[in-house]
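Read from first to last, the chains carry the letters A, B, C and D; within each, the first residue is number 1.
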Amino acid sequence: MTEMWLNMGPQHPSTHGLWDLLVRVDGETIKEAVTKIGYLHRGVEKIAENRIIEKFLPLNDRLCYVANSSWTALFVMTVEELLGVVPPERAQSIRVVLLELQRIASHLVWLGAYCSDMGLLTMILWAWRDRELILDLFLLLTGARITHNFPRVGGVRNDIPPTFKERTLKTMDYMDERIKEYEMICSESTLFVMRTKGIGVLPLEKAKSLGCTGPVLRASGMKQDVRKDDPYLGYDKLDFEVPIGKNGDAWDRYTVRLEEMRQSTSLVRQALNNMPEGDFLIPNFKMPKTLPARAVYRRAEDPRGEGAMYIVGDGKTNKPYRLKIRSPTYVHLLAIPHYIKGARISDVPVIMGGADPCMAEVDR
Amino acid sequence: MRTTAANKGETSAERGVGVAVASGGERRGFEERVVLRLRKLNETVIDASVQNPHRVIANVKPEGIVDVCRLLMSSGFDHLSCVTCVDYDTELEMVYLIWSYKEKCLMELRARISGTEPKISSLTSIWTGAEFHEREAYDMFGVHFEGCPNLTRVLLPDDWAVFPLRKSFKVESIHDKKKRLDGEKAKAVKTQAETPAPPPPGAEKSAGEKGDKDPPRDVIVQKEGS
Amino acid sequence: MDLYSTVHGLVNWVVGGLLGLLEGWGFRGPIVQLVIWLYGVLEHALTVAVVVVLVLVIGLLLVVVMLWIERKLIGRLADRRATMLGFRGIGRGTGFIQLFADAIKLFVKEDLAPRKADKHVFAAGPSILVASSVLVLVAIPMSEGFAASNLNDGLLFALAVFAFAPFAVFLSGWSANSKYTLIGGMRSATQMISCEIPFLLSTVGVVMLSGTFNLVDIVKMQGDIWFVFLQPIAFVVYLVAMVSEIERIPFDLPEAEAELVEGWQTEYSGLKFAFAMMAGYIRGYAGCALGVLLFFGGWSSPVPPYTLPLPWGGELSGPVPELWFLIKVLLLFMFLVWVRAALGRVRVDQIVNIGWKRLLPLALFNLALTVAMFVFAPDLISDPYITGAVFFMIPLGIIIMFWRWGWFK
Amino acid sequence: MGVVQVIGRPLWITLKYLLRGIRRRPATVLYPLEKVRLPYQSRGLHKLDDEKCTGCGACSRACPNVCIDMVQVAEKKKRPGIDIGRCLFCGYCVDVCPFGAMHMTGNYELAVFSRKELLMTPEMLMKVEDTREGTLDEELWKRVYGKDEIPAWPPLPEKPGKGKKDTAKKEDVKAALPDAGTKTEPKKPGDGGSVQDDDAKKTEEKPMKKGNEGTAEGAK
């Protein structure tokens, strides 16, 4: 067969979202690839320049439709750093619970999609079934399943409701058992191992140079986590491990994410059990009429990698002069052509899935 | 010890308030050393200072950005976290945010370039991943990165001629639009009450739609048009 | 008495009765004479037509049943309720009529073809596929009496027709003029080349043991012990190769929906898609049925009653063997569904590896073992238990040996 | 061995689910027939209390999507109307209302056949019914809890907590207004707020109490 260009997207079952990976194939082998994104661009950064902080806050939930609250919390933290506000400890603790639950939910979505790309359709149903429990917890805590709009500048919207703690602790125990089941159907299945081991190898030096972060970089063997390196929300007081892989292949990305889910259940338990008493919102806190004229760059560990926001205040209005959203998956998707060469067409969904794309966040 | 004290002093002076960043326990003066090394590059670095623990900020001249970044790379700043741009009408400010995995320190480089002919050297020779951020900055601000491979539109359509995140690209937010429309409506009602003459057809229609049944419809229709 | 003669008798009885009635009513003109003559000429053609329609209807009904089983079982394995459409509404039934709803939907859907497709070949693909799949059913007896044709070389015929489908798949993949379908068709060809030979070789052992290609005789030879116990390796090879042949999930590369949108079926819609899908299930039935005939004793009942006692005395041997046959076939199919729920898909190079490096040596080894038994211990071959023990123990030892050498890693 | 190693564990674990499904229900909720009960915090369609609403327009100003408009329902009487098609259910309008006139029901079945039906007039908002019905014994939570009894969804706290937190919330609510800074001065935690605020507290209790009774009845 002669070489030809093949569209893996934008309307294609393997792309979870609207994006396109153009691959030049020789038979089944990939010679070259080009990422095409931007189908979902909404100009969020421009919208932010025209809105006051509070009215932009609910839009952060729409930045990523899988890990919504991570972005809202990140935006709130950025604004807090800009204003020089420290939220009460209880609020920070509640945010940790929220973020870690969000991480589990996000990784569950990823796991389901990843496995269903390899034809393992049972796994997607199991993973999404268990995600339902976490969405129920969100419903209980925040009042919404997906778009929570829960963190506020200076704290969170409401205190944890009664029975939430007990319910969440039980669910975390349950989740640990389920993760064992996922391992049984994925890790212990030779077919799964055959499909993932040695596929889409991203060496550490390359990963660092490309700017990959989060599970993708950790799979390449770098012990790096913004929660550890640049602690926020009191993550430095909590006890957790940063899982790393060895080879940087699809298998390592899978194991790293699975282990992260385990760590997250442990983090939720710690945060709930050690939750300090106090306010969930700074008493008498009032948004100032003007934002201070300086710039702040706040990073946070999104489930997909290093998410960050760069906010500039102009000292005159209540609207950000500039808001830059650094999306981890944006980098990961554009980096795919750098390491996909030589793979097969069958590996494309596996490599794509390893980046855990969430298009709303990539295109912003 | 000196470093810590200096940091504290600067922090309290500049920020005035405690920041939600946990301050590292022992600092080895890494930030200070980096600042000193930067300051030695007199001709390219305008000023450099330790903002607060783990944060260094430096203003550089755009011509020397590659040299500065090479220096930073050699002193341990190995992760180019973000490249972005801020539009100050006449000038654009390029912002490079570089993180050091080993020393856990963030470097913020700022370089002012001309707003009319934005041009700066690309960092792709140091970090391959710089290409992605630079393409986005080109896409949104029209900054031309010299030496960046494949400097094309990434998020926006190829045939666009505008750079939407420039301040010259005006967008009316829906809140402003609503205020404006409300004002116009009130004006129309006022003129209608004052003058016995029939109001202009548009205003009448708007007022008619603005009955009890479907309140925000007119606002929405015009909003969608924009 | 087989299906053909039964139907022949039935047709004779019905037509004869009708003609007799006509004669009784006094129609004796030349036209009636012509009809009688015509019937004499077309007697066998009419019978064949009835038999074919019967086989086809049974095949279609089986497709429906298998689809339903697959949907419900895979739903339960994935911890969900599968389709639940019933006559009383959604969620109140067993979901069986969902299949008919789907069929109606596919029938009334617009039949599209890509503008640059080779229209005739594009239309011929699913037709050839369905035709070749239904043709396999002709050779498959459901019991001693219930067979469309009791061919002397029925197994050969079945295997030959069974291997025809990748050709149709390749044709439709090529003709649609789409890159996805093209790759799907290519993959189908690759897969067929790598798995067809082990598939055929795995049946040779059974043929050697039974000494015939006639499927009815092969089943009769399994009166004492099923061949699955005598030929365990052959069965494993057969199962894997069969799953590959019928393109089910561990090996459904030609229609891998994550990589190629729907593989070679991408451009089909409406009735053509229904044909393609139906053919897949008919082939699934055929593969399972051949497996049951070759390795699981066909329609022989493992437990009494072997016949159905009639309340007014006497015994009916009618539906019991057929029912046993269907139960075995559906059980085997359920195993395939189970595998589908538990396993993912392999890659192209991996299936080629599996075919050439694992299945083919295994099949050859099994063949060699069988030949060795015939050459060195022809007396013992008649004792099923000794044969079984030999065929179990030697492969087991060798597999363990290879395992310890890391051959399976 | 080879084959067993390839497919053994996955087959076993799926079989376990199959066998478990014989005794217990699978996790599916048959949606139009069975509905999962939502907790009372959940944010669905808005309900307007005509008696409490003063038509101040705070909700309209706080709305991030400009989907609330004050509609003249009678002489000198304005009430909020909502374009549900634009609403993002952030809950700001509920948070911001000083009189507790608006709250969100659990009504999430909002699909209609035309966009015009999504324009909710004040009359329609007043007639909204809180249809939080359904079963509490969800199959999923049964699995988490095993043989233990699943706790009911907690009702909203009848009193909005300590005075401190209450004030804090109120202030935040005010901050959500675009021009909040000009209106109110920051209060001390112990103050308790003005008379109007006290009224608001009392009035806030009522609909929630009703809601709680609804839960209890539904659960039984």
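Convention: a contact is a pair of C-beta atoms (placed from the backbone, for glycine too) under 8 Å apart; a residue touches a chain by one contact, two chains touch by 3 or more.
Just so we're clear, the structure is a prediction, and the values are computed from it rather than from any experiment.
Peer 1: Would you identify the chain whose Cα-based centre sits farthest away from the centre of chain C?
Peer 2: B
Peer 1: B-D versus A-C: which has more C-beta pairs touching?
Peer 2: Between the chain pairs A-C and B-D, A-C carries more contacts.
Peer 1: Between chain A and chain C, tell me the centre distance in angstrom, where each centre is the average of that chain's C-alpha atoms.
Peer 2: 47
Peer 1: How many angstrom lie between the centres of chain B and chain C, each centre taken as the mean Cα position?
Peer 2: The answer is 65 Å.
Peer 1: If you average the Cα atoms of chain B and of chain D to get two centres, how far apart are those centres in Å?
Peer 2: So the centre of chain B lies 36 Å away from the centre of chain D.
Peer 1: Averaging only over C-alpha atoms, locate the centres of chain C and chain D and give their separation in whole Å.
Peer 2: Comparing mean C-alpha positions, chain D is 55 Å from chain C.
Peer 1: Note the residues in chain D that touch 2 or more other chains, in rising order.
Peer 2: Residues 5, 7, 10, 13-14, 27, 178.
Peer 1: Where does chain B touch two or more other chains at once, residue-wise?
Peer 2: If we look for residues of chain B contacting two or more partner chains, we find 175.
Peer 1: Identify all positions of chain A at which a residue touches two or more other chains, and write them in rising order.
Peer 2: 51, 55, 122, 129, 185, 189, 191 - these are the residues of chain A that touch more than one other chain.
Peer 1: Mind giving me all the chain pairs that touch?
Peer 2: A-B, A-C, A-D, B-D, C-D
Peer 1: Going by the contact rule at the top, pick out the chain D residues touching chain B in the complex.
Peer 2: Residues of chain D touching chain B: 65-73, 81, 83, 86, 116, 119, 121-122, 178.
Peer 1: Using the touch definition up top, name the residues of chain B that touch chain A in the complex.
Peer 2: Against chain A, chain B makes touches at 15-22, 54, 78-82, 84, 86-87, 95, 97, 99, 101, 104, 106, 108, 127-133, 135-136, 140, 153-157, 164-165, 169, 171-173, 175-176.
Peer 1: Touching residues of chain B toward chain D in the complex: what are they?
Peer 2: For chain B paired with chain D, touching residues are 174-175, 177-178, 212-217, 219-220, 223.
Peer 1: Which positions of chain C touch chain A when the two form their complex?
Peer 2: 74, 77-80, 179-180, 183, 186, 249-250, 252-253, 256-261, 341-350
Peer 1: Write out the stretch or stretches of chain A touching chain D in their complex.
Peer 2: It is residues 51-52, 54-59, 122, 129, 132-133, 136, 139-144, 147, 149, 152-155, 157-159, 161-164, 166-167, 170-171, 174, 181, 184-185, 188-191, 279-289, 318 of chain A that touch chain D.
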